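Okay, so chain A shows up in both of these, paired with chain B first and chain C after.
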Partner chain A sequence: MCTKIGEVVEANTISFAAQSYELHQAPPFGSLVRASDGEADIFGLVYSVVTASIDTGRRPIARGRDEQDEEDIYRNNPQLPKLLRTDFDSLIVGFRQAGTVRQYLPPRPPRLHGFVYLSGNAEIVEFTQSLDFLNTIVSCSLGAPLDELAAACVRLAEEARGGDYSFRVAAGRELAMLLSTNQQRLKAILRRIRQ
Partner chain B sequence: MTLDLLALSRQVEEAALPLQDAERARESSLSRALSVFSHWQGTVDALRAKVDGCGAHMTFRVPRLRQEWGEVIGPPGLPEDYGVIAVDGSQIDRDRHAGLDCALINIGTAALWYGERSHADLSSQPLLLCKENDLYLADPENKDNREPIEGALLHAKRSVLECGRLAELSQVLSEEGPLLCLVDNSLVLWGLMGRRFETYVRRALLEEYGVHLRRFRELAQAGKRVALVGYVSKSDSSQVVNLLRLADCQDPDCRNCEERYPRRQQSCHELGRLRDRDLFAAVLSTPGSRSALFDDPVSTGENAISPVEVSFFYLNTGEEIARAEVPGWVADDPALLQFAHATLWSQARLGFGYPVALTEAHEQAVVSVADREQFWSLIESTSYTHRLPYAPSIKSQGKRLRAL
Partner chain C sequence: MNADRFFAIDDGPGGTSRQLGIVVSGSLTEGLEVRLASGVSVEDMAVGRYVTIEGKRQCFFGMVTDIRLETTDKQMVGNPPDVSDSFVADVIEGTSTFALLHVLPMLTIPRGAAAQLRNEGPQPVKTIPAHYSRVHEASEEDVSAVFGAEDSSHYFIGTPLDMETKVCLNLERFVERSSGIFGKSGTGKTFLTRILLIGMVQKSKAVSLVFDMHNEYGWKGSWEGHGDGVKGLKQLFGQKVAVFTLDEESSRRRQVQTDHVVEIGYDQIEPEDIEMLKEPLMLSPRAMDAVHALVKHFGERHWLEEFLKLEAKDRDELAEEIDPASGTLRALSMSLSRLKRLPFLTAHARQDCLKAILEYLDRGTNVVLEFGRYQDLTAYVLVANVLTRRLHEHYVERKEKAMGDKAQEPRPLVIAIEEAHKFLNPEVSRQTIFGTIAREMRKYNVTLLVIDQRPSGIDDEIMSQIGTRITCLLDDERDVDSVLMGVSGKNELKSVLAKLETKQQALIFGHAVPMPVVVRTRDYGTAESYREFGFREAAEIHTLVNEDLKLWDR
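For the complex of A and B:
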């Protein structure tokens, strides 16, 4: 089942940023999320999560010296959830139009203020039927930990298939083909998938 | 050329030198003040009698003593569930160079709930003043006589509106549990002090202010635990110090002392250098402790600048000595006063010396330089859209153009 988790606050052709509706409740690194440009469903992989002050001029300061429990800080400072926000960035890896999933960049980025959903197992399985999205990850020039991202999304897709080992093997083969000229990088990703 | 900081730094350096002497003099005055303070401790009736004896002759204001002035009350325990609402405001004053004659008041509020249902609501409410009634206070007996609401008067108007907003919120939120209601600064409208404004101006504002303040009293009378507090950080008040001056005066009515006791004149002036916060910084040594309660003299009598009686105490917030003002009905209710003391101390602790709810209300209220520019642009573009004959002055246009 897909869950509504946030809203697009910035978007471009290759990635989009969303604000999480709940503080500290961003989707895990490597998760598949879905937004929309009004016509097509646009899929992204979460590659960065930031929790910070809403007001750039006000930096959070330590408040828990006298507290026993971390939760007490929030209980005794109820204003904090209103003044902090959690944002996450996603790398666009494909889209779905007229029921067909395509693993290349969509014609348009998602709309601002469009809802962002965390894909459920069925949608993850549907999207990862093809492994072309791995090419988008390893070849992109985004300032993100791309090798970690590739490994994380393979692990999550395998999990969504109930731990289907054959998916991991297929993904490993795809990566071996994509990184045939860079064995070191390939090994690093495969190690991360295995762990 | 912008501000010449080099030239300015020399002036600042020169200005700082005499301050060292002033600090030494202050320390010597404080030592004398503490000796007078402890000498009169335990003689509240004698002190009251001396104050009453001076009557209207005094050239300075002294508070009425409710208890021994040296009493120090430790921080009481907090209730499990309670709320704190704070209000603060900012304004954009009228500008005759602008296209449209108007002003803006922005009221920020922070409602924080502690305990089981810990949560917060932060909001702001802008209010455009542009109608005749918003911009002028008219004399009901002479319609040609009117006072423009700007400067100090706009500030006083803002305080009244802030209080109105706080009363409105507390009416609703008092259903949910005990409430501390905080306003930034004094409950007394000091801007109306003196002869700057005619009686009808003061009366109009005080009447409106009184309506809002009395809503808090009605809530308290209805059994709601609602404590209104005016929180003054770094208060310049010297009312208790005045009481010390009077106590130290050898003249029975503190009237002709300067002629009769020339030596005492020096003593009186010496104590006059101090503020109440200097005195209570020495008296209230433990963070969270508060002073005795005093009745503010400016809140009563013919020239009162408050529609209700106001009492005050000083609180050691851990970072400073703050002045907390409460209306008479809170001062008269020991349980409510205790609640105000406990929650105020907790607020100061959570806010590193300053009530956290007031900080958040301020953050909601603040109008930045960019906001100000946006405001005047909005006024201007609306005037053009509706073809109104409100063009900004040539001076204003010239300042904005800054052509080379």
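For the complex of A and C:
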């Protein structure tokens, strides 16, 4: 079951940014999201979540000195959800065209204001039939914690498969082949996959 | 990569044999490196095992000669991952850490209808398969395609390690050239020889003459740990085998049915025979000169008899005449008088045993000559040399006659000798008849089957003439080098040879097999094994005869 969670607000060939419809309700780090360029469904992995003021020049100020509870701040300042926003960035890892999933970059990035959906288990399983997307993660040069991202998406995909150990091992082996000459990095990722 | 299929291991064409891995590098001379597929345990591999490699146009047949562990990142050696964690262990096995098989390609098996039409068998390898060709465990069919099924010329000698397929020797080729059975003491040389002799009795056109130093082949042989011993050739094949003995009394005590008692006359002993005894009789070069002088003096046929008859006074007179300078004759007389202690040596043999041997051999009967109690080297070397020298003369003469009349062609003869290094060591091999036979007697239909535990003692020149070598475990470096001399892939075979078990395992290579092969030799000594050789107990034959008679009566 896929859930609509936001809207594309910035896009380029390798990643896109989306604004979450709900403040503080961004999809989890490493989760699979789907946007569209009008023809193809474009899949991304959430690698960064930011919540900040809608006006980049004005930083939010602390308001809770006299409040007992954090929730009271929002209750007593109902304008806050309108002045703040939660954005998330996704690394593009593949797309689906004419029913076929391909794990390489799509011809075009997603359209701005296109809806972003959080993939359900069935879609995660469909997308992770192949493990080529792990190559996109470990070899990209974004300023993101890529090793954490690889580990997080493997964990989530394993969960979506009902805790399938053989999938975890298969993903680990794919990573071992990709990082065959960098054992330190492999070890770090494996430790994070194991939880 | 498809995650669900990650662990699936390909079953190979037809699903008969398991895929082991892929070729990753290598050369024709040094062999191929095969990366073991994940999911195949390195502990399931063994040196000496056969593999097939699927090339594009032909299939390659090779042998695993080494197994090595590798890592993709050298850091893993100094800083190993935590394999107590089963997840980490499952991930790195076959990916970051893997095993390499060293495979020596030996043969190519042509594929396709055209090759089948030409009826092409396995050919020696002249090229190697391309990168990443798939490597499979050789199936039973592959092995039998290479080593042939049992037929009129192929003889079942044993099974490959971990397989039930039969490995067969081409006996026609085996007897074409001299061959050798090597191995240190207690590794089963005698059993192997018995099996081979049976093969020759059953399937070969050749006959054999066995100089049986320890009375192992004729009637009954010993079997360590089995008091009853094993049946010899005569018990199994009756009329096809004749047992000759040098020691009638010993044979009678052992209840051996002998066909002939061998006596050797002094008149049959020539200086060359004495030359062979230099070591056991401790003869100096001067003593040998004196022997030649005696031959000149008394004549070729009577020198030994006359010399041994001489009294001390007469001998001294003779010494004055032919060897005035030293006391060599006295020393020679003392040495040669040791021959008097051998009862089978007489002044004149009552019967010419060579004639008897030849009669049997001509009829296609194999001859085993038992030495009874005379198991010291002096007797063995002397008798083997005297008889073989005369056999040689006879064969040369007959072969020459056969050039004019094909019907006179002598039957191929295989002479089996033990302790072969005593006859074929570099010092004597040029002079003895055995050296001559090993070098050139193939042309005269005589070859040797040498049985030895110290192959390094055999002259290199002779060793290079040995067509088929069968070797059990050897652990002396020089012996191993000597056996493997002149063989391609020597270093690889060395590692295979060193890993043989001490019993019932042998490496066979050379003229009679298409490629080197390690076999577990077939059983010998149990009732079942005798049946496999075609032997039937008297009671069983009796029952069969009775059944036939009943059928006849109906």
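Brief remarks follow.
By definition in this document, the second predicted complex is superposed on the first by the 195 of 195 C-alpha atoms of A that agree within 3 Å, B and C clash if a C-alpha of one lies under 4 Å from a C-alpha of the other, contacts with A are read in each partner's own complex, and residues count from 1 in each chain.
One rule holds in what follows: contacts are C-beta pairs under 8 Å (C-beta built on N, C-alpha and C of every residue); 3 or more make two chains touch, one makes a residue touch a chain.
Quick caveat: nothing in here was measured; it's all calculated off a predicted structure.
Because the two structures share chain A, they can be overlaid on it, and in that overlay chain B and chain C fit beside each other without clashing. Within the superposed three-chain model, A:169 lies in touch with chain C and out of touch with chain B [touch as defined at top]. Of the two partner chains placed by the overlay, only chain C lies in contact with A:181; chain B stays clear of it. Ranked by how many residues of chain A each touches, chain B and chain C are led by C. Residue contacts after overlaying the shared chain place A:58 against chain B, while chain C stays out of touching range.
Contacts of A:88 after superposition on the shared chain: neither chain B nor chain C is touched.
Of the two partner chains placed by the overlay, only chain B lies in contact with A:77; chain C stays clear of it. The superposed arrangement places chain B and chain C with a least CA-CA distance of 49 Å. Overlaid on A, the two complexes show chain B and chain C touching no common residue of chain A. Remark: chain A residues 128-132, 165-177, 180-184, 186-187, 190, 193-194 touch chain C in the complex.
Partner chain A is touched in their complex by these residues of chain B: 110, 112-114, 118-122, 350, 356, 360, 363. By the touch criterion stated above, chain A contacts chain B in their complex at residues 55, 58, 63, 74-79, 81-83.
Interface of chain C with chain A (complex): residues 1-4, 6-7, 38, 72-73, 75-76, 79, 81, 85, 87-88, 90-92, 94-96.
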